[in-house]
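Quick notes on the structure that follows.
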């Protein structure tokens, strides 16, 4: 009988609890495993913060946002002997395997653990940003798109009532997934993403065409926080202090962008930065189902001694991929998950509705 | 320059307007086509109910449930010279092609039109039941799952407060898709679907085990309206009169089932029949995006003179399939769409959480 | 230092947990009282089902539907020596006072306890039906109105798409509060309430005028479950068996009404019975605030030794009323809360929008 | 037969359309009046932007946010001969009365129009801020509280998962109504309002007590944009440029406050500024009902030739008050609506739950 550990790392998102619940239910009922949970991301195995996970402990958590295990951005590479502490603690607690639920940072730590420290590990991908390679979707993304779309819906009425351009800034530093999908779903008149630096003159030309030729008196612009103008002059202005704020909302791209639009077009322009709201609340059914299925699959891999894998969903199927195929070495020689940028064919479909 | 028509047939669902909008925008902006809309499903072409569809006409409809074209269950096979009338009217209005948005009935009519009457037609699949072959998902399904899941979430608190078994009946006469997905997402303790006739003793045994061994005092049972017991004794009791009510809610399966459960287990049992609420309201982002992408694709097929096709989503890609591959002849010699039943592997994953 | 008990009785509704939390926080932090909770309504004191209520126990329950104490329709008058058992158990547990959160039934029990058995008691009014005298609003009502209104909103699109009359049955056996408020908020074309028996010919005349003169092709009718036609021929058909189902949804008034409308007008008519969904889910802010304020006030009354009172909200102020003024004797000589029927001035305002 | 005009002025909010619809329905069906709508607030009568308002024009708008008439912050006092232009245009269009729906600015204009220019006018109070004297509630306030409360609910899970202090900034420059009610409904651990300047040391002491003595690892702070520290050092930093942005969200109070909390307590702290989202989306049932009833009443006043009044809701009743009683002269000799600040008894009830 095996003993396995679970942790959630990085920014929280809706669906984590659904994944934890699925892991625990499958592990106990399906295989008779013992399960423990580590608290606060990688701080858990480093500092030995651990607690047993029973079926009772995961009862009722399926529809709840956040994570009952807590999470953190703790990176073992930045802590002295961080990786050794993890390995030693996992052994000390008698663990046969670890299931790590996280985004590209967590995936990187897991890859290091497996490749360099030979620890049996399985990853489950989560991030509202949907930028993990090896899976079509990550846990939390569908909910973030829903929240952003509802905000865009709601801002339509105020934009229209006031004849305004409304700039809505959504999360996505390196990838424009939330912006592109919520923008299409919300009927955005323009979508800006990090994958395609924008020309402010083209931006204004699209809005002017809409107002002057189509006779519209308002516009909705959805912008990912990581979007930037071609000449690098219009972008988010977060400095180091703000980086501590994991998604800096002071001086986001939308602030500079909305001022520039107002100046160049003369249209009254306002911005809204959705910020942490995108991480909160109950997961959508899609996220609960994805999290549940990935959690089940992760335990199956552990039972079959298939380690060094990340579970994922590809083409509607639940699959597993080798962490070596989805992580790469950074300049410090540590693995980190590769970034999956937006499918630009999808963006092209959105462009049909620009202006 | 082509002239195309659009109609929506069968039961309405969220996302139809998003599809209509995408068709109109792509047809006009992308290809310079003229577009007309037929009102009230197949009654439109039969009775010549037609109106021009401009960009202005589809402005602002993306997030709205229902269909601006209206819909009906009118079946040309049941109307004298129904098909001939459609063909003649389509010619009379000078149409080069028709885009028909509907479920298996509409798909069947379209197949007849194309195969027997040689009319250039393209289908777009919609139905909250998700039972159309040739596509992983249909427009409206994701929203129906969301509505059902929210209802299950809400009924949890009342079930728990009153120590009750709560039976929730969702739509799905021939396929258990809504039941299975909303059941997994809502944390159902038991899910019953048409694809797997149930044994009432097993049903009660699962509930008893949950209450007696796990110490739970309430249970949530999700049942598709088309579910039936193995011996055929427990089922929906809709008679002919009720069939006129397209989803009969009087005497649904949940009524008989809840009484049987209460009688056999002694647990206080209540039922709720969600009914038409599952068709209403704003479409989810997922449905808006699917509808938009399918609408765009349908127009592309028309532009390429690829007719007799249904657009769909398979493995995350937007594809097209030949209507001959997804429709079959009924006993009257008319084509009708094949029924895509629930993937039972998915059901098996749900079973992990039963009891 | 006092020791007080809390219970929730009757049908559950959103906001009960908010009230329990307020009672516990005020009692402990404000007065240093000990607090215990009785489980399952009046079964709690009768059967001695009791547990301590700490601040930790009520942490995080504010936004949650249902009641952490459980509830039941147990009536001490129907149990041998029911009242004596309550009094003896309350004394046995050393209670100085009991706070009973409930509707007219619970209020009646409390009145009996106070008047006949001289036990110090304070009531907090809750019921989605809003039919308690002495308070403008009861806990749970605002949430029920919200749920019903959202359902009406959602059914609009399907009614309109199918050119249908849609009959929506909401709770309210003795009072039409939910029907009247959700009907006005949802833009109902007709509202039927128990307070005003209807004439089916007038009903149909209103719908016909709407369709024929105003050119509308759909209508929304909101009907309270307790509505009945003047000649008593159209009404809910719940029999004894159904009464066990505390809100019988089989054969509700909407079934008979919709058939009659369809028969007389020829308009396709469908019905939806909202049922238990009206009790579920998170309370609205209004219900949370009302519940919180009433909970605080109830404890203040206990601290001031003001017993035999119900707290309530009148004209926006939190007040208390004597139970003698809001309860009356039934034919068995037991007190029961008086029924507060719908303010017909409000109904008259709704009539402006009929047809 | 009278001819009346309607306009909506100031920031938009949910419920305006419900009020417009009620005015039109009552005016036409109840009194046979003609109704016209002025576009874009006071710009409408100044620039002669007018359109007829028929029953068809207001069909279906009840549940929609925003205003079909558009709105603006145009102030006739700042436009040459602004008031004279209004009076002349109103006469030119043959209007017997004007119904002005707005907040304190609009109310002030209306007071000037009535008192100084003797034009027959009736006001309907709307503003998400709820700071209008003479009415308990304004249109839009209940919806804003709902949106803020849902945001607080959602941020709870992310605060808890990350062991953070989360500062949520809501609207309210001069009055803390939204903060106080959403804070109580959302279970805030601290609420800061303009009516009570805060001491940052006390703020931190409350949070520390919560974390250290109660063992909590997260806190929720709700702050109104107009809150300020006693020494005036911690406040929103909007400059003139931002004032153009009618609710400046750059440099809101939450930015400075969250940094100060993090610095002094060492607890990781994040902020979210809800901004324009608070004005968007469908109105709650409460707002729809209030708007409907106030709209009906406003027309009744016009029919009775009772001018120079504002309709309102006091103690649950629909009433009217004299504009002279609720407006005051500013330093330029123009009337402006008095500010209704938060009822501090309500704030005191919230304090029970601080820390």
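Here the chain labels run A, B, C and D in written order, and each chain numbers its own residues starting at 1.
Going forward, a contact is a pair of C-beta atoms (placed from the backbone, for glycine too) under 8 Å apart; a residue touches a chain by one contact, two chains touch by 3 or more.
Keep in mind that what you see is a predicted model, and the values were worked out from it rather than measured.
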Practice problem: Determine which of the two chain pairs, B-C or A-B, is joined by the larger number of C-beta pairs in contact. | Solution: B-C
Quiz item: Taking each chain's centre as its mean C-alpha position, how far apart are subunit B and subunit D in Å?
Solution: 42
Quiz prompt | Approximate Å spacing (C-alpha centroids) for the pair subunit A, subunit B | solution = 31
Practice problem: Please work out the Cα centroid separation of subunit B and subunit C, and write it as a whole number of Å. | Solution: 35
Quiz item: Can you list the subunit B residues in contact with two or more other chains?
Solution: 153
Practice problem: Provide the full list of chain pairs in touch. | Solution: A-B, A-D, B-C, C-D
Quiz prompt | Complex interface listing, subunit C residues touching subunit D | solution = 22, 25-26, 29-30, 55, 60, 62-63, 136, 142, 145-146, 149, 153, 181-182, 184-187, 214, 282, 284-286, 288-289, 292-293, 296, 314-317, 349, 352-353
Self-check item: List of subunit C residues in touch with subunit B within their complex
Solution: 8, 11-12, 14, 16, 40, 64-67, 70-72, 147, 150-151, 153-158, 160-163, 166, 217, 245-246, 249-251, 255, 270-273, 275-277, 279-281
